[in-house]
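Labels for the chains are A, B, C and D, by order of writing; each one numbers its residues from 1.
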Amino acid sequence: MARNTTERRSASSKPRVRTSISEGQNFPDVRETSENGDILTADEYFKIVRKSNTRPALWKWRDVERSLGELGKDPIREAERRFCTLVNSDCQELTGATPYCFIGIQLIHPGEVVPAHRHNSMAIYHMLQGRGFSVVEGVKYHWEKGDTLACPAWAYHEHVAEGDEDTIMYVVQDMPMLAAGRMLFWEEPMGQENIRHMVVGTSPSWSVTRTDAP
Amino acid sequence: MARNTTERRSASSKPRVRTSISEGQNFPDVRETSENGDILTADEYFKIVRKSNTRPALWKWRDVERSLGELGKDPIREAERRFCTLVNSDCQELTGATPYCFIGIQLIHPGEVVPAHRHNSMAIYHMLQGRGFSVVEGVKYHWEKGDTLACPAWAYHEHVAEGDEDTIMYVVQDMPMLAAGRMLFWEEPMGQENIRHMVVGTSPSWSVTRTDAP
Amino acid sequence: MARNTTERRSASSKPRVRTSISEGQNFPDVRETSENGDILTADEYFKIVRKSNTRPALWKWRDVERSLGELGKDPIREAERRFCTLVNSDCQELTGATPYCFIGIQLIHPGEVVPAHRHNSMAIYHMLQGRGFSVVEGVKYHWEKGDTLACPAWAYHEHVAEGDEDTIMYVVQDMPMLAAGRMLFWEEPMGQENIRHMVVGTSPSWSVTRTDAP
Amino acid sequence: MARNTTERRSASSKPRVRTSISEGQNFPDVRETSENGDILTADEYFKIVRKSNTRPALWKWRDVERSLGELGKDPIREAERRFCTLVNSDCQELTGATPYCFIGIQLIHPGEVVPAHRHNSMAIYHMLQGRGFSVVEGVKYHWEKGDTLACPAWAYHEHVAEGDEDTIMYVVQDMPMLAAGRMLFWEEPMGQENIRHMVVGTSPSWSVTRTDAP
């Protein structure tokens, strides 16, 4: 093989960037095939591609309130939200209220801040109670009970509860779809160096600033 | 070409079903290529595949209420829901609060029924006000303010408002994603014969039972 | 509860359609909550929403050819395709070459017909070998080695192999994404009465015309 | 508003990270609502959410070959691939062969390297011609005509063509779905500092290392 990449690159006046994984390296791990690459017949495939139907699910507010009551006793942690989430266990691997949709109920005490962060799942916040503001991409949005705020994918957002009442947000995200597709990204706290690909084994945890994070 | 399909099929003891569009037909419309099949270079493609960023959007409850007030004056129509929807116009062709997510606010007066129907977009209902029940796939789910009901894709569902207060539901669907992917289905009223593929030109309208439907 | 639906409907001049599941029925199955509706804390949720990373997978042509060779000995069955599919077993529940993408290699002997059918997963066919034509929504498209045919979601399509050589198609679909989202539809053979929602328990099998179908 | 965040944080023994956009800042841009937040009635919405049906598309190999022939005259550029892509113009904003699927045909001359990079769209490579290897996440996969390699989302990958023949790859990605959802990420060349969110206005171009990039 005549690799002429070195010659071509040295002619460039731009500072050299490392663009090759393979150049000048030994690869102890060479594959002609892969153990996880299955070849199935149509008969075999049609038995597994269909999934079991999911039943409807109903979550009562009194149960959500009880969960929020417990969560509200602890201080809000920096790199994690204080919320509970509604999961239809029939969806199995796709952990949402429906296969691809996350529903969370978030509690913020007056004066508390949900620290700025971003992710490439979109987020929609419907305010069930309280008042305050969110800063999304540098713009301050005031909200009160009944308002809806849509936060686009990968927009920095921070929530601040004001007034005397707890703020309760009804939160919609497409996180389960992105997580199952292995395409979910998270940045928290703010900073290019904190961008993480959310798969097990690559990102140590959701909670980078916690001392007890796994 | 030696088509032996007729021979093979006649050997079958099962009643014959029509499985071929082409058999015994003349096709005046024969194509060697197609006018809508473009071939773009990487340079051309990378200019159009990225989309403009969408700004956050904030919807005030007082504006939603005003819209619901207008909608509530008319009787609920059989084949259509009485709701308003929050659309971020920055998403352009992807008509949702975010590119792939629909948010609707649905109003049901006491005693009214949202007729049974189904679609392959999932639906999540958070009850902002009122009480009543939904019948989903033959099971009756009672709900009141604060409860959440998840209705799986393609489950028959019907909502009935009870009590003295208007029922207001906050509704989440992945309809924009399915609609844009041309994979959305609707059945209304109930009946296999009413299953429609929701694309312009194929389904005359969302409202099959309305006399003024386009 | 004052149900005035009967009164309202009788005023209509249109023939009455059944729009209510609940009217005049007894529901033995009434729920105040549901066993499959979990409420998880953020800590509990973040442990399960992230999935394990998937490894790359490599499938060798010689292995695909061996599988096709076996499949090619049997006659093509009416309600099923003669293909093998490449599945990365690391994707677990999401049964594709990647979590949301199906890759199939389809074999059609000269003179054979893959019967007309449709599904709301899209299908892209790249012709690796052979020549013939497809009829898609009533238009006949001639193809030969190297050509690509894109079949939109829910378009009727039928393939006919011509010439002396076996036709081999490289097939791309988004079937795993639709199947896992419980939003996949199939119609085969042609006919509104054959539209099926592809979840276990609802559709008996992919193969409606086979006597040995489960 | 009583912001007690400063007090709470100072009690922490961990080094302080910047977690707030709003703290100590003036926001000239304060919103009570947003110009891009529309509220539509059901009647208005159902007119726009359905999309026009897309026609099938057929791309002839001779046309692809002509395009590749032109592209092959130039040297491969570091931060960009030498490929052409099949776009069904009926899909409009969703720039793919189908609304959510990208098909590309990539040409690599013997000895050339497609530099290492990654993206959160998955990539499937079917080898139409040639032989060589790919390095994916540090593992070397040898391939030849007919083989298929699946590269998971966000896996580093680099392709090297060997032998005497041009390598031609048939490439499948879900790029259009991620791009339209504003959730697409790219890293090229390798390095955390090069991770970009692929929306217009945020990422200057696909081609960071080109001097003539817009």
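By definition in this document, contacts are C-beta pairs under 8 Å (C-beta built on N, C-alpha and C of every residue); 3 or more make two chains touch, one makes a residue touch a chain.
Only a predicted model underlies this, so the values are computations on that prediction, with no experimental measurement involved.
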How short can a chain-to-chain path be from chain B to chain D, counted in steps between touching chains? 1
Identify the chains in contact with chain A as well as chain B, in label order. C, D
Chain pair among A-D, A-C or A-B whose interface repeats that of B-D, sharing over half of the contact pairs by residue number: A-C
Taking each chain's centre as its mean C-alpha position, how far apart are chain C and chain D in Å? 26
Using mean CA coordinates as chain centres, what's the gap between chain B and chain C in Å? 19
Would you mind listing the residues of chain D that make contact with two or more other chains? 31-32, 34, 37, 53-60, 64, 86, 88, 99-100, 122, 139, 141, 150, 152-153, 181-182, 199
Chain C partner contacts - residues on chain A that touch it in the complex: 31-34, 36-43, 45-46, 48-60, 63-64, 67, 70-71, 80-90, 92-95, 99-100, 102, 104, 175-176, 179-182, 184, 198-203, 205-207
Contact residues on chain C for chain B in the complex? 1-5, 8-9, 14, 17-23, 27, 29-32, 34, 37, 75, 78, 110-113, 115-117, 120-122, 133, 135, 138-142, 150, 152-154, 156, 158, 160, 162-163, 178, 181-183, 185, 189-193, 195, 197, 199, 209, 211
Name, in rising order, each residue of chain A that touches chain B in their complex. 53-62, 64-65, 86, 88, 97-101, 103, 122, 124, 126, 128, 136-137, 139, 141, 143-153, 155, 157, 170, 172, 174
